[in-house]
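Chains: A, B, C, D and E, in written order; residue numbering restarts at 1 for each.
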Amino acid sequence: MSELADAFVTALKLIFTGDPEVMAVAARTLGISCSATFFAALISIPIACLIHFNHFKGKGTLISILQTFYAIPTVLVGLLVFIIFSRAGPLGGLGILFTPQVMVIGQVVLISPLMTGLTVSALSGVRPEIRDTAVSLGAGRLQMARTVLVEAKYATLTAVLIGFGRAISEVGLAIMVGGNIRGFTRTLTTAMSLETSMGNIELSMALGIILLSLALIVIIIPSWIQQRSSRVQQR
Amino acid sequence: ACSDEETSSPTPAATTSPGEVPPLPKTSRLKVATTTSLYDTGLWGYLEPMFEDKYGVELDVLYAGTGKALEWGIRGDVDVITVHSRSREEQFVADGYGVERVPFAYNYFLIIGPEADPAGISGMSPEDAFTQLIAEGESIPDVKFVSRGDDSGTHGKEKAIWASAGYEYEDVRTSGGWYVETGSGMGPTLVMANEMRAYTLSDIGTFLAYQGDLELVPLVDEGDILLNVYSVIVVASTKYPDMANNLVEFLTSDEIQDLIGRYGVDEFGRPLFTPCAGQDM
Amino acid sequence: MLLEVNELCQRFGNSDILKDINLEVERGETFVIVGPTGSGKTTLLRLIGLLDKPASGTIRFGGREVPDSARARLELRRRIAIVFQRPAVFNATVYDNVAYGLRVRKEKRASLRNKVARALETVGLSGYEKRDAQTLSGGETQRVALARAMVFEPELLLLDEPTANLDPVYISNVERLISQIIRDLDTTVIMSTHDMFQGQRLADRIGVIISGEMLQTSDPREIFSRPQSRSLAEFVGSENILRGVIASNEDGIVTIDTDGIPLEAISNLDPGSEVYACIRPEEVILAPAKDLTSARNTFPGEVSHIVLFGPLARVEIDCGFPLVALITKKSAEEMGLQTGSCIYAYFKATGVHIIER
Amino acid sequence: MSELADAFVTALKLIFTGDPEVMAVAARTLGISCSATFFAALISIPIACLIHFNHFKGKGTLISILQTFYAIPTVLVGLLVFIIFSRAGPLGGLGILFTPQVMVIGQVVLISPLMTGLTVSALSGVRPEIRDTAVSLGAGRLQMARTVLVEAKYATLTAVLIGFGRAISEVGLAIMVGGNIRGFTRTLTTAMSLETSMGNIELSMALGIILLSLALIVIIIPSWIQQRSSRVQQR
Amino acid sequence: MLLEVNELCQRFGNSDILKDINLEVERGETFVIVGPTGSGKTTLLRLIGLLDKPASGTIRFGGREVPDSARARLELRRRIAIVFQRPAVFNATVYDNVAYGLRVRKEKRASLRNKVARALETVGLSGYEKRDAQTLSGGETQRVALARAMVFEPELLLLDEPTANLDPVYISNVERLISQIIRDLDTTVIMSTHDMFQGQRLADRIGVIISGEMLQTSDPREIFSRPQSRSLAEFVGSENILRGVIASNEDGIVTIDTDGIPLEAISNLDPGSEVYACIRPEEVILAPAKDLTSARNTFPGEVSHIVLFGPLARVEIDCGFPLVALITKKSAEEMGLQTGSCIYAYFKATGVHIIER
């Protein structure tokens, strides 16, 4: 277990010496995952509203299928994105395989079903009275959806954070479509995977600790804003 | 499926591999860590059932990069390792983690690249080819070299070639965008080189396994420095030294050496390995 | 006619909750729906508020039939406000709750602020603007809901038991408020209530709904004095309902035989008709001695139970049949009534309401 | 994209010919992930109750930390479990590295924070009135917790399913602590990774499709039971 | 003494919601808390029900102080039941909802079934066993909540506005039920209500809470006829409250000068005392002509407004000062009262209740 202590020391050293390569990798990791989370939220939340607020045949099945996609292996998503963007694939002409862009696309594909499913759950958690009240006060469908979404804001935020967590922590997809190219598509997880394969356990764990610290910051900011704004309200 | 032999093993022995064993073994299990290239060619999938049948033991084959396989050996998590990096193997034995380094097969590395060969290295010696690559790479945008960059045996060999050609590896590494480090295994590196129409260094086994999907061709396949020796080492801390020695004996036995020498002929039309038990390589 | 409801039915699962409801409400009218628990009041208001779609039947609002398209329904719905029986508040401030209806209508900022302030003042919640609406007490919540509904000046205001959670001081406040809205804003109000007297106080017309059927729609007085069925009579508080047969009819004055006891009443039914005779408790007069009065029905009896409430006393008398009288506390005290007192109970023939069985 | 069609054909072939090795791998995958989900639920749900039903300093921070662990990379968990169970590690004496047992342990470590965090969210979604009502009717703390949990059963089930999805779909941990030993610790995802690294894209995708089918079954069963039981109730 | 509450205070944030509440309730007693919206009734019941902990003050239950340990509180809490103002039901069948309290007490299966059946019958919901409790109407929900609370025969039953969601037929049902429980089960009941008359009908004692203070605790009659402060007088419906000064006192009969108009009343206050004179509307008698009566206060006036409700009529008269009278509908009709009628209003000196300012 001394490796763990060593890893912490290494992590602190890397952070406080500001090792430029590690900093660059960390920034890239955050950039890719945040972009992916943003776009995925942009897609998932409206779709979740469409699913939740409409009654249609097969709605239950659709939700089950979405839930199934919680279990989609990153390798499978990686393969799919790869065959689409590879030279021989339908979008090969774009030539964006092994770039950060395609990593963002892959992560969006990976986390959108999860985010959609969780947002549907979040919306279902809002008491039906809220919807009735909004409608009875003259809200149109969009306005009503917005109101319900606001009531479900914490659960929706959790959905987005879980998507972010999945995006920032996954490695199979990142290697497969990003290629783990040093200085270009290497992220913290792919770097960890490389260091591990080279037997550098401490360094790898140190990178993992840095990743968790980043995630902690991203996740704490909203709850911090929330607390601040509720404090403002009370004044 | 899920198995090496169905897709890459050509021999009838593999298709008659024994069924699944229960997940909780009653007998003890011997663990061998092998470098990925030996595993991906299907050689271990081919040999494993023979060894298990012969000695009535469960053989667990774990594949990893050379660095990780050695790390497992150091920590005592495996009983035997088969890797291909002479200097590191010797260090491993010298440090007392391994009993003895026993070479049992070899083949050659290949420098491969696009058929058009924009750098024009076809037929050169490895050192000249590398010298040409760095020169062209820095000037012609079409020329790229993809490096494993993962401290594997293959990566070690690449570094050795650079050294032999008179370059500091650190200089090569930072010499520009033409030199791409993937930090991945041989397979993914080949795929990437193919996508980028780039050059790379590969062991012959993995290259042959991928050849169908690739537009790359071997450009340099001769030169002593390309020699790729696989050896087997019994880990010093093993709990089953006898069985571990059995495995070494098995690999170096005439019968198996003969099989290794013919492995791959059916599928690729040529053998993947040359047996070399007893030789100092 | 602002609202016309035709043969409206609603089902949940296998049960018919509303059966062939017909209803017309004129602009500016106040229509009160009364009915026991589970009779379908809320269900009906939800249909009228265009929140649910009926199983069958039609609703015409402002002269045209409510269309099926979502957009057209929204347009109509924007002219209607509903206050639910147990209002839910949004997880926001009181101000934001009240402003909601105006915001969805894209009201300008300045007039929005004014209207919200006025609505809050009307319901007595000025100064509560910044309170988290979810920490309000039951009554406060109800008042926020009222403010929220009236702030956008709907043409039709639907109130589902609007005073159920209020204390008496505020009940009269809210009732006054409702009257005020009706007068000032020319708003039509349909409300449900379980408080019969509230209905009487506020309604232009009352409809009584029992088990999903609208049994009677009429003037508030009439529903009390001339219920059209036994269950209605019971519901409006005719505690004395006697089963009988008309024995004779002389020039419109009938004698009803109720288990051997003759009652006189006014009716043009023929002898032999099977009827219920209903006598409202307040129509029964008590006197300590047999007096000469014009009341045609006089029965001696013994007081079996007295309950006082507020200014009234409810006296149960055994006259061979049980009879309930409602008199003022004062007169009960003056007569020195107590359990066991012997007295005479009188009621006029015109005080007997007859329902055919 | 023809690879995708080929993959479907291969998947169907593998399923309908009942390829014994694929079947064994699929069964093992399911066994490991279901066990991990079960044990993780056993740990997470009580902990979530403890967190939700108690007021203590730093509760918000604890929840943020749990949410941070949504983003824990499987590689990091893999390393941790590895250094603990490796021969040189504190639990090396058990000698269970590279066995299915340790894979279950790893997955439990991986998904428990996620499941705990989501269960806390699920519990917070239950109206406080329910808790008050239970307490006012004489429920003790445990009984009250049980009642609130039952009210939150769908959200809790979602939490468990998400944990299951993460367990069955992850690969880094499985390879790192399981070793991807043929016939012993090979699961669908590690097999996919191997096939991919060997260039067998169709086969790998076929395995991914089989994995998704398994997940679909596992995820649909609860909603199916739920529908059945509600149908029974209506009778 | 089953329950003793001493100097109980509760705060939320920066506001004192309850201020020094003192209360004693004896076993078998029915204590009713009345008070306006937001006065703190629910807050007090939650403290007594051991759901919340007070900011300060103590509660003694069954003679011993309520302890701090969770286990001991649970034990005490099991002897208390609460029905909330807006009851929530568990997402389960009606049967499971009602059985809940018995199940947590590990009641045997057979007796559980019997008790649940009996409780459901009592509240009139037999046959509803398998209904999903969440689809019930407002009143049905309230009755489930009542059944759920009474099924385990608590020693102390706390009811927070238990009939707010019920229609009149069921209100008397539930009231009868509460009386029955009090009689049969020797249960002590503390309930809050906004229906003053309900309080009077059911209470042994009434406490009035306004703005978090328990202003008066006494016999139901007394609270109506002799409120101890102006706000209390207003709250219990003394609609006629006149501000004045005692001008003279002759053997206990005082003359009060209210803006130049003299009133006679009974009091032992000295001249010069500043007072309010309260006259309950039902104490005011109307007559078409000046009659000789024993009533010491007689004022001619003009009817300014009449509202009829149920058997009563509320008449507003302008006698130089506004006076409200509550008379029977019948006498209003007999006198032919209508807006503008000139009449005489009388009330006895004993009908004037005096409160010092």
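Keep in mind that, in the parts below, a contact is a pair of C-beta atoms (placed from the backbone, for glycine too) under 8 Å apart; a residue touches a chain by one contact, two chains touch by 3 or more.
Just so we're clear, the structure is a prediction, and the values are computed from it rather than from any experiment.
*Asks:* For the chains other than chain D, what are the connected groups under the touch definition?
*Replies:* Without chain D, the chains stay as one piece.
*Asks:* Calculate how many whole Å lie between the centre of chain B and the centre of chain C, each centre taken as the average of the chain's C-alpha atoms.
*Replies:* Measuring from centre to centre gives 90 Å for this pair.
*Asks:* I'd like the Å distance between the centres of chain D and chain E, where a centre is the mean of that chain's Cα atoms.
*Replies:* That pair's centroid distance is 56 Å.
*Asks:* How far is the middle of chain A from the middle of chain D, if each middle is the mean of its Cα atoms, in Å?
*Replies:* Taking the average C-alpha coordinate of chain A and of chain D, the gap between them is 18 Å.
*Asks:* Rounded to the nearest whole Å, what is the centre-to-centre distance of chain B and chain D, using the mean of the C-alpha atoms as each centre?
*Replies:* The answer is 35 Å.
*Asks:* Can you list the residues of chain E that touch 2 or more other chains?
*Replies:* 86
*Asks:* Among the residues of chain D, which are close enough to touch at least two other chains?
*Replies:* Expected reply: 127, 188, 196, 201.
*Asks:* Please output the residue numbers of chain B that touch at least 2 other chains, ranges allowed.
*Replies:* 185, 188
*Asks:* What are all the chain pairs that meet the touch criterion?
*Replies:* A-B, A-C, A-D, B-D, C-E, D-E
*Asks:* Touching chain C in the complex: which residues of chain A?
*Replies:* 127, 129-130, 132-141, 143, 147, 150-151, 233
*Asks:* Going by the contact rule set out above, which residues of chain C touch chain E in the complex?
*Replies:* Where chain C meets chain E, its residues are 12, 34-38, 42, 85-86, 135-140, 143, 161, 164-171, 194-197, 200-201, 221, 224, 234-235, 237, 280-282, 307-312, 326, 328-330.
*Asks:* Tell me, which parts of chain C touch chain A in their complex?
*Replies:* 49, 51, 70, 74, 77-78, 80-82, 84, 86-93, 100-101, 104-105, 130, 132, 148-149, 152
*Asks:* Could you list, by residue number, the parts of chain B that touch chain A in their complex?
*Replies:* These residues of chain B touch chain A: 64-65, 67-68, 70-71, 149-152, 180-185, 188, 192, 195-196.
*Asks:* Any idea which chain D residues touch chain A in the complex?
*Replies:* Its residues touching chain A are 1, 3-4, 60, 63-65, 67-76, 78-80, 82-84, 89-90, 114, 117-118, 121, 124-125, 127, 154-155, 158, 161-162, 164-166, 168-172, 176, 188-189, 192-193, 196, 201, 204-205, 208-209, 211-212, 215-216, 219-220, 223, 227.
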